[in-house]
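As written, the chain order gives the labels A, B, C, D and E, with residue 1 at the start of each chain.
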Amino acid sequence: MNYILEGLVKAFQLLLRGDPETYSAIRVTVQVSTYSMLASLCLGLPLGFLLGYGTFPLKKMVRTLVDTLLSLPTVLIGLIVYAFVSYRGPLGEYGLLFTLPAIAIGQTILALPVVVALAATAVESLDQRLHTTLLTLGANPRQFLLSNLWEARFGLLAAGVAAYGRVLTEVGISMMVGGNIKWHTRTITTAVALETGKGQFGMGIALGLVLMAIALTVNLSLFFLRKRTRH
Amino acid sequence: MTESIYALKGIRHCYGDLVALSIDDFAVAPGSIIGLVGPNGSGKSTLLRMLSFLEKPSQGEILFSGSSEESSTRSARLHVTLLDQEPYLLKRSVMENVAYGLKVRGMRQGYAIRVKEALSWVGLAPEEFARRQWYELSGGEAQRVALACRLVLHPRVLLLDEPTSSVDATSAALIKEASLRARQEWGTTLVIASHDWPWLHEVCDEVFHLFRGSIIGSGMGNVLFGPWTIRADGLAEKHLADGTAILVSAAPNEKSMAVIDPRSVSVHKAPAATEGRANTLAGTISALALQKHSGRVLVTATVDSIHFHAELSSTEVRARGVFPGEQAWVCFRPEDVRWI
Amino acid sequence: AENQVLKMATTTSTDNTGLLDYLAPRFKQDTGVELQWVSVGTGKALELGRNCDVDVLLVHAPAAEKKFVEEGHGVDRRQVMYNDFVVIGPRTDPAQVRGLAVADAMKKMARDKAIFVSRGDDSGTNKKEIGLWKKAGIEGIDKEAWYVQTGQGMMATINVAAERNGYTLTDRGTYITYENNQKGNPPLVILVEGDPGLFNQYSVIPINPAKCPDTKFDLAKKYSDWMASEPIQQFIGDFKLLDKQLFIPNAK
Amino acid sequence: MNYILEGLVKAFQLLLRGDPETYSAIRVTVQVSTYSMLASLCLGLPLGFLLGYGTFPLKKMVRTLVDTLLSLPTVLIGLIVYAFVSYRGPLGEYGLLFTLPAIAIGQTILALPVVVALAATAVESLDQRLHTTLLTLGANPRQFLLSNLWEARFGLLAAGVAAYGRVLTEVGISMMVGGNIKWHTRTITTAVALETGKGQFGMGIALGLVLMAIALTVNLSLFFLRKRTRH
Amino acid sequence: MTESIYALKGIRHCYGDLVALSIDDFAVAPGSIIGLVGPNGSGKSTLLRMLSFLEKPSQGEILFSGSSEESSTRSARLHVTLLDQEPYLLKRSVMENVAYGLKVRGMRQGYAIRVKEALSWVGLAPEEFARRQWYELSGGEAQRVALACRLVLHPRVLLLDEPTSSVDATSAALIKEASLRARQEWGTTLVIASHDWPWLHEVCDEVFHLFRGSIIGSGMGNVLFGPWTIRADGLAEKHLADGTAILVSAAPNEKSMAVIDPRSVSVHKAPAATEGRANTLAGTISALALQKHSGRVLVTATVDSIHFHAELSSTEVRARGVFPGEQAWVCFRPEDVRWI
C-alpha cells in the first residue's frame, strides 16, 4: 500500500520538478506514439471501412483473422520487427534498430488490427439508409468513404482511443527494438519496467501515473469531440 | 418522339425465392411524371432502387438515356436521385444536409441561396430550420428536409418513394407544385411511388399499377382477389360475406387476380338501369373526387368491404344523382376483367 | 564533428546497480565517445552481439562467453572486474545453512526441501546456480515443488523468495539494492558468502569486425582498453552503493 | 528472418510433440484469461450499458475517465495489485500472490475499461427508436438491458474480442503478481518474455505463435456469431 | 360518466426555446377513440410520447386512471403502448418481434397463436411472414408488423402515430377494423395521430386539432394563416394571389391564425344564394366524402390554393347540386372565425 502513496507523491515531484530523465521519456513516448497512431489511423480507417462496408469473398474469414491479430503479443511483434531491422535482417542496412522509427513501426503493427476491427464494427453499425442516401446524393467513392467515416465518428473515436491505450502502454516492442536506451529510446513504459526490475516499486508507480497523466491530457483534448448525450 | 430516358428489358429481381420484380418491357419518356401504385410489397421500392442504380436487377437490363448502365453507373448517379421511403438525414444540421449534394458536386461556395430556396419549396422557413440539427425535427419536417436535399440538385431524374407519407396537406400540395416546377424548369423526369391515389393522380401524367412485381396496367385499376369458384359454364364467382356473388370471366386458377379498369365500371342509382343481368352489386357511395387531368370524376363505392372505383364524366354523375352516402349499384361485365 | 556513439549490450546487474550511469559520463569525458547501452539478459546480450546489433558486450557468463569467442563472434575478451554471489534466505533460516560452505548449504536445502527460488532464466546468475547444484551432486529438481523457477530478473526473484519465505542465490549488488529498498530491514539476509565458488567474473568483449564489418571496432577496443586502464580500474573500485563496494577490478 | 522460420517450425514441434512446459503454459493462459474475461464481461457489459444509455451528471467526464483507463499500463496494474495482495499488503492473509486468481484480478482490471468503453460506444450507436420500442412494448429494466445488449451484439462481440486480445497478450501483470513460476503461473506471454531474455528468439517467436493459435481457436469458435454480411 | 383514463393539466413541453406542447386541460375518456390532426411539427408525436410515459413534460401533470404517473410509470407502461411514427423492428424474425411484448409479460409458451392472430389482423399472412427476418420486409409490411407487435398485447391504451402513413388502402381499412375491434373486445382506448383525415374521421369518435403545440378545437377545422391586413373598421383581410380578399373578424395580430368550423362554412353554386356581402369566394369543388359517423358529407373546395372544408347534409349537397369539378362559392361569416 505504501508504494501507491509513495508513487503518487513521486509522480508529482517528477512532473513539478521537471526531472530531466522523466521528461526525456515523456518526449520519446509522445513522439513515438504520435507517429504510430498517425500511421495506424491513416492505414486502418480505410481498411476498416472496406472490411465493414465492402462485400468480398472470404470477408468473414478476413474479419476473424483481424480479430485474431488483436491478440498479437507485443513481444512477438518486437521479435518480428527485430528480425527485420537487425543488422543481419533484410532491412539491416537502414540502421533502424534502437531508434524511434523502429518502435513506431512495431506499434503501428500493434495498433492496426485494433483500428481496423473497431472501425469495421463502427461502419457496420451505421444505418443502411446512410449508404443509400450518400449514393443517391451523388457522392463519389472518396466522398462516400469520408462521409461514412464522419457519420461513424463516435465509433471511430472509440477505436482510436482504444488503439492509443494499446500503443501507449506496450512494453515489449519498445524494449526489444528500442532497447530502452537512456535519453534516446527510453519510453515511460520501459522506464517503469526498469524501475520495477530494480525493485523501485514506488518509482514504477510514479512513472505509471505519469503515463496516465499523458493519456488523460490526450483524452481531455478529445473531450469536445465526444458525442453529445443521447443523439 | 424523343428517346426514352429509361428503357427496361426483361427485368427480374429476386430476394431468395421471392420474385420481387418482373418487368418485361417498360419505358419512361423524358420529362414525364410517372406514378407507381400497388399494395404493400408489390415492388415499388424495389423498382425505384433499380432505377436509381443502387441495386442491379438479378436479370435484365436497364438502359439510361439509351446507354446500358454498366458503363456509366457513377455518372448516371449524378443525374438521378432517389428519395428513400424512410428518409435518412446525415448527422449534421439541416443546412449541411441539404448542401451535401451540392458540395459533392464541387459547389463549395454560394450554396446557401440554393439551399434556402429548396427549403422554402418544401414549406420550411429557412431562417427557422436551416440551423436545426437532424434530431430537432418532427417526422414530417425530416421528410421534407430529405426532399429538399434532392430538389436542390436540380436533377434530371427524381425518384420519390412515398414523398407525402407523413407530411401535412399543405406540404403535400407544395410537394406537388415542386414536382411540377422541377419538370417545367429543369425538364426533370419524375417517378413517384405513393399510396395517396388522389394526390398521385393530380401530379402524374400516367400512373402504373404494380402487383406482385409486375406492371399490370396504367390508370386506376380495381383489383379483385380470389378465391374463385369455377362454375359449370366456365365463368368464375367470388362470394362476399353478405351473400353477394361477383361474376367474372373464366379464372386461370382459383387464386388469380382480376383487374377491372375504372372506365369499365359504372355506378347507378337504380338496378333497373343496369345492362342485362351480369354483375349488379349493391353498395354505398363513399366519395367523389375530381381528376384534374381528365376532368372526370372518380366515384368510390363500397360493396361489402370492397372498394370499387368507377370513372364517370361529371355529366353522368350529375345525371345519375350519385352522392356520397347513398345506396347505388355497381355494374361491370364479366368479360371486362383482365387476369394476371 | 560527428558525435561518436558506442553501442553496448550488457546484463541488467551492471545497469540496475547504477554502475554504468557512473561510468558513462567519465568515458565521454575521457574519449569524447557517447556510450549507449541496452541492458538485457546475458543470453540476449550475446544474441545481439551475434547479430552485429551492438559494438561491444559487458557480460558475466564465462562459459557462454568462451563459446561466443570460439565461434568467432567476439575478439579480445578481457576480464575487467568481478563481484560475488551470496545465498540469502529468511532470518529464521529454516534449513540451517548459515555459515556453511556453499556446496553443503545446497545439499542441506535440497534434503530439507526448503523453498529455493531460482531465476530459471539462463542468466549468468542462473548458470552459476545450476553449476552449484551440479557441484553439490543434486539433479532432477526441475519439477520439485520446493524449487521455484521465476524466469524473471534478480530483484523480482528476491521478491518471490521473500514472499515465499525461501532461499535464493543473488549477486551482491542486487542484494544491497534490495536491502536499501527495504529500508535496512530486509526479510531476507545473507546466509552464505565468501566462498571462492561464488565469484562472478565480468568481461568486455568487442564484436569481431570480421563477422560484423559495420561495427565500431576501434571504439569498442578503446572502451575495452579504457575499462582496463589503471585510473578506471581505480574508479570502478570506488563505486559504492550504500557505502558498500560492489565490484572488484581485476583487469590483467 | 531465420528466427521467424525457426519459430514457425518450433511452434509446430511444441504443439505436436506435446511439450509439457508449453502445455502447462497454455493451460495457465487459457484458465486465467477465461476467469478474467468472464469477470470483466459480467461487470463491464452492464456498466457499459449504463454509460452508453444512461443520463447522469458528469457522464462525459466519466467517459473521459474510462477512456483514460484504457491507457492503464499493465506494469502499473501489476504493481498496484501486488501492493494489495503481497504478504505485507491489506489482502496478504489470503495468500493470493503468485496464484492464478491474482493474475485474473489484475487482468480483469485491465479488460474492464476496454469492455466498458466499447460496450458504451456500441450501445450509444444503437438506433434511438430501439429504446422507445422496448419501453413501449413493456420491457422491465432487466429485460430492457438484456434486449439492448442483444441488439448491440455485434458491437459487444468486438468489445469482447478486443478485451480478450488485451488480456491474452499482457505480460506485466502475469509477471508481477503471477511471478512467472514454472509449472504454476507461467503463462505463454511470460514464457515468451523469458525466452527472449535468454536470447532464444526463435523459441520466443514459437511461443508467440502458439498464443496466436489459441486466439485463432477462440475467434473461430465465435465465427458463427459474426454478423451476417450487410444487415 | 366514468373517470378519465388520461387527464392532462397545465402541460408544457419545451425543446430549448421552442414550446412544442402547451395543453392546459385535456381528458380522454376510457374506451374512446381520439384522433389528433395538425400540420407537421404541431406536437402530435410529442403529445403521444407524453401519453406513453416515454418522456416527462417539462411542466404539468398527466394523471393516468386518476393517479399521477410518477408512482406508476412502470406499471402504466404495461397497459399503454405506442406505435412510433417511424416504427422500428428488433433485429429478429417477425415472429420474435411480435412475440417480444408477450414474452416480456411472462408468456413464454403458446404465444404463437396470438402472434398469428395479430399478424392476420394487419393483413399479413402468418405462414408467409412469421419467419421473415426484419430486413426482408417492404416499408408498409414493416409498419404493419410494428402495429401487430402492439395489437398482440391487447393493451388498455393504444397510441398510434400515423399508423397508415405507408400502408395500402386495403391495409388501412384493416387497421381501422383492428382499432375498432380492440375497443370492442378489450375496451382499448385509442389515440391516433394521422394526416389522413378521411381515414381518421372514419375511425375516431372525436378528432382534435393541434396547432403549434396547442389543442385548438375538435372536428375538422379550416385553418387560415396570416399575414392579415387590419382594416379601418377593425376587421382583418387576407389577400390571395388571384385578388380575392378573405374577410375575418378583428385579428389579435397580423400573424394570428383563424380557425373556422366546417359546419360554419357553406358551399353554393350561385353567388346570389349567399347571405349578404361578407365572404363569398369563388372556387372549385374537388371532392365529396361521406362521414360515416354523422352521415353528413364533407365537401372540399379549393379557393386559389386554399382548401376549404364544409360539412353539409347530403340533402343540401344534392339540393345545391354540388359536384366535384364544378365552380362554386364558398361562404362564411367573418364573425364565425375563432382566433388562436
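What we mean here is this: a residue touches a chain if its C-beta (ideal position, glycine included) is under 8 Å from a C-beta of that chain, and two chains touch if they have at least 3 such contacts.
All values reported here derive from a predicted model rather than from experimental measurement.
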Chains contacting each of chain D and chain E, listed by label: none
Inter-chain pair with the most contacting C-beta pairs: A-D
Residue-number overlap at the chain A/chain D interface, same or different (half cut): same
Where chain B and chain E are represented by their mean Cα positions, the distance between them in whole Å: 24
Rounded Å distance between chain C and chain E, as computed from the means of their C-alpha atoms: 88
Between chain A and chain D, centroid-to-centroid distance (C-alpha), Å: 17
Euclidean distance of C-alpha centroids - chain A vs chain B, Å: 54
Multi-chain contact residues (two or more partners), chain E: 86, 135
Where chain A touches two or more other chains at once, by residue number: 89, 127-128, 196, 201, 231
Sequence positions of chain C contacting 2 or more other chains: 156
All touching chain pairs, where touch follows the definition stated at the start: A-B, A-C, A-D, B-E, C-D, D-E
Chain E partner contacts - residues on chain D that touch it in the complex: 127, 129-130, 132-133, 135-140, 143, 147, 151, 231
Interfacial residue positions of chain E with respect to chain D in the complex: 49, 52, 54, 74, 77-78, 80-84, 86-91, 100-101, 104-105, 133, 135, 146, 149-150, 153
Chain B residues touching chain E - in the complex, by the definition given at the top: 15, 38-41, 45, 85-86, 136-141, 144, 161-162, 165-171, 173, 195, 197-198, 284-290, 295, 297, 305, 307, 314, 317-318, 321, 323-326
Interfacial residue positions of chain C with respect to chain D in the complex: 40-48, 120-123, 142-143, 148-152, 156, 160, 162-164
Of all residues in chain D, those that touch chain C in their complex: 86-87, 97-98, 175-176, 179-184, 186, 190-191, 193-194, 196-201
